[in-house]
Amino acid sequence: MQHLILVLPLLIPLYGAILCLFFWRKLGVQRVIGVATQLSLCAASAYLLSETDQAGILTTHIGNWEAPFGITLVADLFSSLMVVASAVVGIAVFVFSLRGLSNARLLYGYYPLLLLLQMGVNGVCLTGDLFNLYVWFEVLLICCFVLIALGGSKPQLEGSIKYVTINFLASSFLLIGIGMVYGILGSLNMAELAVLIRAAEDNHGLITLASVFFLIGLGIKSAIFPLFFWLPASYHTPPIAISAFIAGLITKVGLYTLIRLFTLLFVLNQDIVLPLLLVASGLTMVVGVLGAAAQVDFRKILSFHIVSQIGYMLMGLAIFTPLAIAGSIYFIIHNILVKTCLFLISGVVYRTNGSFTLKNLGGVYLFQPLLAAMFVIAAFSLAGIPPLSGFWGKFMLAKAGLEVGQFGLVATSLSVSILTIFSMTKIWNEVFWKKRPRTDVTADAAMAEINVADKPVIRLLHLPVLFLVLAILFIGLYAEPLVSLAFRASEQLLNSEIYINAVLLK
Amino acid sequence: MDILLPVLVGFLFAAGLYLILHRHFFKLIIGMMLFGLATNMFLFVIGRLTRGNTAIIAGTDQVASEPFADPVPQALLLTAIVIGFGVQAFAIVLIKRVYQVFGTNDLDDLDKTDRIHEKYPDKASE
Amino acid sequence: MKTLILAVAIRIFIPIFVFFSLYILIRGHNHPGGGFIGGLICAIGFIFHTMTHGPKETSNTFFTVRYYRLTPERGQGFLLHKLIILYKNLFRKEEVRTGSEWHKRQFRIDPIFIIASGLFLATTSGVFSLLANQPYMTGVWADYYLPIIGKPGTPILFDLGVYLLVLGVVLKITFIMAEE
Amino acid sequence: MKTFLIHTVISFVVAYQFFQRTDWLSYHARSAGGIFMLAFAVLWITTLLYNRAYFRKMPKAIFFILYILKEIFVANLRIAYDILKPRYAINPAVLAVPLDAKDDLSITLLACVVALTPGSIALDVRQDRRVLYVHMLYIDDDLDKAKHQIKHGFERRILELTT
Amino acid sequence: MNLFSVTLIIAIGTLSICLVLTAIRFAIGPTLPDRISAFDLFVANVIGIIAIYTELTGNADFIDVAIILSLFGFLGSISFAYFLMKRIR
Amino acid sequence: MLIVILAGVLLAFLAPLLYRWLGRYVSIPMALYPLSAFVFLASYLPQVLSGETINVVYRWAPALNINLHFYIDGLSLFFALLVTGFGTLIMIYAGGYLKGDPLLGRFYLYLTLFMVAMAGVVLSGNIFCLFVFWELTSLSSYLLIGYKHNKQESRDAALQALMVTGAGGMALMAGLLLLGMAGETYTLSDLLHKRELVTSHDLYLPLLVLILIGAFTKSAQFPFHFWLPNAMAAPTPVSAYLHSATMVKAGIYLLARLTPVLGGTEVWHYSLMTAGGITTLLGALLAIQHTDLKAILAYTTISALGILVTMTGIGSAPALQAMLVFLLAHALYKGTLFLVAGNVDHATGTREIGQLQGLGKGMKTTAVAAMLAAMSMAGVLPFFGFIGKELLYEAALGATAFKAVLFAVSFFSGMVFAAVALVLGYQLFWRRKARPTPLRHSLSPALFWPPLILASTGLVFGLFPAPLVTPVLRRAAEAMLGVEQLFELALWHGFTLVLGLSLLTLLMGYVVYRYSKRLLSYSSRFNILYKLGPDRVYGLAIKGLLLGSTSLTRIIQNGYLRVYITVMIITLIGLLVLVKNQSQLELDLSQSTVTIMDVRLYEVVLFILILPALLFLIRVRSRLTSIAILGMIGYSGALYFVLFGAPDVAATQLLIETMTVVVFVLVLHKLPQFRFVGSRFQRIRYMIVSVLFGAMMTYVTLLVKQYPLVSGLKTFYGENSYLLGHGRNIVNVILVDFRALDTLGETTVLGVAAIGIYAMLKLRMDKDH
Amino acid sequence: MLNNLDSFLLKETISSVFILVGVAFMLIATIGLLRFPDFYIRMSAITKGSTLGLGLILAGLGIYFDHPAMLLKVVAIISFTFMTAPVAAHVLSRTAVQNKIPFWNKTNLTDFQSYLKKEHRSEKKVDEERAK
């Protein structure tokens, strides 16, 4: 049975995409296929999570080739959580894009691309093979390339040039790192590599050298300071459904990999690497949040916040205690949901107000109270106001930091969260509270406009936002399940023997 | 050969990076390709090299007999080459479109999405 | 770039390339070659054709299925109607061509369909083992040898999928770019 | 042409089957080639019964190929000599060779053959397909003589084959 | 190392020097068609090198690369020509 | 207990709907909630008064030791009753005050949410449970201050309050985390017994500082006091409830709550007394300089909060008793006065005391309430404020250190309070003037009953302190002091020194009132001080933040791809060098010199073919030429692949190289010739970076190749490729069987690339070009 | 045994002769590529030299291996090159003409003038049409 449930998160979106390709010109059919795919993906990943939770780490050796020789798919709690998060975000974005995207874009492969992107994400999360990881990364990356450029408007093109070039370099570094690891140890299976690395006597230094390439490659992909420049340049440029999905999910996948590799493989010479990560995480938080504070565009503020939040997730890895890693895991899941939600909200605001620029917006508070409420929840969750979800992650990280005496970093992280509040309230002030700048259109008239034009559409667009907000509220108000899952996941991560045994002793 | 190819790899990397850092679109894409080639060569060199022996089981043998080339870097390389091609082909087309739309070939002219006050009209996307 | 000599040469080359690519594909398991290389070689012929004649012409010549349709009669079952069309198109083309109630139709094979079929084949080749509660992509092999190919098995099917996909990709890219 | 292709395939299959029965790998190419030729020859002779034209053309084709090979070799030697000489003695010109060949295949074949022989290359065919422009290296001021050489040497043989 | 392989190594060396020579023609041009023809010859040389290398190592599998190159070298030169024709249009 | 909280939250979120359904009657259910909560809490009174403490624990996040833990003892019950009782009146009042406002539903939402949060703060038995509610009060306060969201100053004030209290919240969080570490528990009842452990812990000082910052920001202590006057932008019910009676006292509550854990040390005493003292003085001073009713009230509130902190800082039993009594008294009269101010504002449309006169006739009930509250504020017999003031003076005089200073401070503030009380209780309403300020409309009962009730409560408590207030306060003080308290509150203590001082206070207060105009004219001289004040600092900080972040972002995110890449590469090189140095990786060149002889001629020739080609590629201007060179380099690379035994790779490389050429040729024919852009300096810089990078990569390669590689994969594949994989070409068997998943991914990449190229070339959303 | 050895030696010898001759042709062709004065002359002279050289090398290879599979491959390559080289050469030279790559000054172009003029004119016409 585990053979099936481990490949389902890959096969479902893949088959969905293939079917969509067969019905290339028929949007209606594609929509049906998409909904079916997303629903079954949700179910499959939820099942995967529950199985992993009950039965421990699941593995399947693709092609029935024993562990170090073939490619092994491995699902532990962390990876299953990521898969679930991707499915949840996927379904939300999918529903949003039913009406939130122009048909022209949909006709040029949006649905299959989205599905393949999900497949790439799931692949990265589930694979237990270093090179296979690279391949899945490329799958998700090329989907991102295309999605970001889809439509070819000026900002999109400009953003994608930077995105493509820099991520190409990142992939190359990743590949170089993988090559080095094979060149040093002669294996690609992560579990076996873990064994080999721990047994390696004379080439600790070399392995650490290889890990630098992973650090930089994945650091670029997850937008760590000083490697994040591509993100604020590109993430806000595509249509919001695409932004939301990519912004919510993809950088976290980079971080997932970073955590996976630096807990499983590169555990040597931590006295060199971890301080680096500490500094990087602090700077990432600060620079990201300051960047956000400077922005005057809804989406750009959100984009810079991604960077800032990445700092928190990295912080957990840098501190490297069970609590810290659990904090990172919780934070990743929380952030995936919240970020997607906020981007979608910006999309709804754009749809009803026709702008992303704060200066041109206003008054949403009055005529879209539900949206305003959802924004407050998501925004303050992002800022880590308790009892919303962001708080728990922040709490775990801060506690872990204090426990190991990283007072400076904790102070930084807490100050950054103040600045996060600052920029979130900036949006709130400008978009929701402020009077509408266009004095010729009163709020009522604007409402009337919407009513006539596409009220059902707007309702439909609210739906995924509401879904995500409920999810955020759930993991915030009833944090225990996710927190304890994160704890167990982090235990699995830090006790590599469990992973190694699950893969190699079958 | 143990010194020749590493040096070559270094040169390829250097040239690729230099062209990427060049501001011209066309040089950028050429640079990306060189960089990709360099990465592939690196991958090839880092697995140990054997002269003249393939990774194909010869004649009527059942198993490969030493010396034979390590097939693993080759297989990885193949995958990487193909993936690189996909990415690069897309990049070429992207650059062409960028040139068509912007009418410039200087990458420094593409600095607007990073600006705080972006110059692009606010209505380009949905 | 329409030159007489190139045009004629290419007309000769295309079947050569196609056959050669199939050869490369099927021997790929034992010698250098395989789906990827095969697919690319198969595509070159069409690239040449596109370069000389333009993508429309290529698509019309090689990737358009022409068939005849019959307006359905009252009371005739759907399936029966389709079957008749299929039968007549396959075996009684002459008869159909002269028949007045038959309409000429054509169906363009978009390279995207080739891509999709390739991907489908490659993906599905691994699914069979899944049904037998074996890991995905476990090879299922026949127990006899075929000439040139060797032992047939699902990995060969996989390679065929790769071949189709690469062919489709190259065709798609070429067609679109040449249209520009 | 069709017949030729069919025969080639059949001969190949025969040769292949022969070695499949025994052991394909331990035999020499000579024997394989021999079997192939033998099969081909047998098939060729059988065409006497149903396709005389093919039967007639086959030897001509072979001779034509040999002729081309000879031309190529000789011309190559001449050019090699010229290249290695301190001062080359070339006298190039572009010829407009009037064509008797009408069909595409013949023209293409002619152009290819011209191009294959060193010292000459086909530049283009005039729009009305009546003239082939050929660039040649060794012309002794008499363009017509060179044209005649092409027409007599290559075009005639090609026309014999294709018609 | 017998006389035969010495011969082959000399041959392969000569061909690689040919590569350099074609590269020189490539560099001096002066026109694009010149460069393309140099490229053509370059490809032929590469095929030759592969062929001789096949013989040198006695490993028949290398020749497949030459077959593929003989097909694709053609594609290369046709593409360049296509480019030139498109440019003048 | 949880149900009460949850019901509150639910009701809060229902409020907008209720408002839609019920219209103006929405205040009835909204007021019923705090009332029933009050009753519910009051039902714990017997237990609490008998000395019990009640613990109700709901598991919330046990993995983090954070639970919904409600802990009811005297202190928390005292505060909780205050919150809910006051809340009931405010709910009613708000219904009247904001009658007809379309956003009343949302107002109730925020207000109820706040009330629940506040009740949560005071009832929490887990310090992080407390923290959660604490932050919720900040959040709801933010929404309430910004209620008049169309006004710039409202929004700014809301933001300021949020920033200050939010920053304090973060400090508090850190402090509580440290406290948890020091005390090894988050449970309040456990912590209460761990004073020794905590105060002797290394982290005591930092945690104390952090918690104090949290408390001080919330309770508007100097230098964080500035947000409170600005928060008066909120509607008056909010000011009355949050910013005088309850929320600002959360800080006091926290200090009181943690007194048994953190108190008793010198740091504690001095820091609290200093901050409280300065705040008291400052608030009083500022109060007499303002003419806006709410501003005056806000500053006196600050002053009062200062007194409370000071008393907590003194920490002796009388001081804490005084603190509690004064807190209650202050809540009662200040709440009333705020409501009165609201009524005045509502009726006249202004809050400037200069323009307000003779209102007594028009709004009699309000005037009565104002007078009652003012007398309590001034500390006139028999009001509850009098008791409070007496106790304060006693406590100040009974302090062990800085007796005089403490007393002076209390006295000064008492004097100012008396003056302010005169203004509010007398000047506005009763001072005869020719033209009373016209009233725009009369007030509804919902507006004048709540202040009246509050004010009379002050009177009732003053008359009968013993049965009504004492038992609860005793238990509350006990919670702080840890020992049972037996004090009695009485209105009359006889003619003591303190009574005399009270009278003196009143007298001096009258003097201040009488000469307030002149004092005001002096005060303008202090204006220079405001420019250096914390409000100004805050403004500068925000401006600086915006400016700084803008310029930082401009520098970092400058839009130049080349700069981004350079930074990345330099980071990479830096890290590599760092790791190399740290782990002492040295290249053993002696081996390499041996292997350098093992090079074939054709390999060298190929090598020296590629190098000039690279150079040429960098220099050349023609596009086609560069493509061709690229092709040649690629072919040479492929030749290397052949030479080292990888025919499949070589073939693929050749095909890909050619396909790249095709793609180029098909796509790029319309691009222009390129020129060199960028200065020579730039180019040299990039050249250095590139060469460094290349050298680094060579070095790394050589380093790796220095060690032998034992690949288990190679052996396995070699042995099983034919037997299990049924193919002789091991590479192909790997591709389609051993590692077919890679190939599946790879083909997917190709397919997506094709779709992408298709979309890229065909789909053009920009219509403007 | 002896017979076997002999045949091996013979194969080696014949093969190396073929290869040397082939390489010589290639070398000469390459030198020609460098020496000859214009594009068309180089094109006429060189491409074929390489084709022949390559053919000879491959023939030598086929003889050496003396193996059916190899024979097939050798025949395949030779036929491919012999089929594609002239086509490529033709296409390239035609392109060169149309790109107005100049002829060597000593080339006799009397027969070609009309063609060149026509090409020129037609281009002019196209330009004029574009201008309209």
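Order as written gives the chain letters A, B, C, D, E, F and G; numbering starts at 1 within each chain.
Just so it is clear, a contact is a pair of C-beta atoms (placed from the backbone, for glycine too) under 8 Å apart; a residue touches a chain by one contact, two chains touch by 3 or more.
Note that the structure is a prediction, hence the values are computed from the model and not measured.
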Chains contacting each of chain B and chain C, listed by label: A, E, F
Which chains, if any, touch chain D and chain G both? C
With centres defined as the mean of Cα atoms, the chain at greatest distance from chain G is chain F
Where the centres are mean C-alpha positions, what is the separation of chain E from chain G, in Å? 11
Cα centre of chain C to Cα centre of chain E, whole Å, reads 33
Taking each chain's centre as the mean of its CA atoms, how far is chain B from chain F in angstrom? 47
Shared-contact residues (touching 2 or more other chains) in chain G: 29, 31, 43, 47, 51, 65, 67, 69-70, 76, 83-84, 87, 89-91, 93-95
Junction residues of chain B - those touching two or more other chains: 20, 28, 42, 46-48, 51-54, 56, 58, 72, 76, 78-79, 82-83, 86-87, 89-90, 93-94, 97, 101, 107, 110, 112-114, 116, 124-125
Of all residues in chain E, which are in touch with two or more distinct other chains? 15, 17, 32, 36, 53, 61-62, 64-65, 68, 71-73, 75, 78-82, 84-87
Touching pairs of chains, all of them, please. A-B, A-C, A-F, B-C, B-E, B-F, C-D, C-E, C-F, C-G, D-G, E-F, E-G
Please output the residues of chain C touching chain E within their complex, sorted ascending. 1, 6, 17, 20, 24, 31-33, 37, 41, 44, 47-48, 51
Can you tell me which positions in chain C touch chain G when the two form their complex? 1, 3, 5-6, 9, 12-13, 20
Where on chain A does chain F make contact in their complex? 14, 21, 62-63, 65, 68-71, 102, 104-105, 107-109, 112-113, 116, 119-120, 123, 127, 129, 131-132, 135-136, 138-139, 142-143, 145-146, 149-154, 161-162, 165-166, 169, 173, 176, 180, 182-184, 186-188, 192, 202-206, 208-209, 212-213, 215-216, 220, 226-227, 229-230, 232-233, 269, 272, 276, 287, 290-291, 293-295, 304, 365, 369, 376, 380, 385-387, 391-392, 395-396, 398-399, 402-403, 407, 410-411, 414-415, 417-419, 421-422, 425, 429, 432-435, 479-480, 483-484, 487
Chain C-facing residues of chain A, complex: 1, 3-4, 7, 11, 14-15, 17-18, 21-22, 24, 60-64
Interface residues, chain E side, partner chain G - complex: 4, 7-8, 11, 14-15, 17-18, 21-22, 24-25, 31-34, 36-38, 40-41, 44-45, 47-48, 51-52, 54-55, 60, 63-64, 66-67, 70-71, 73-74, 77-78, 80-81, 84-85, 87-88
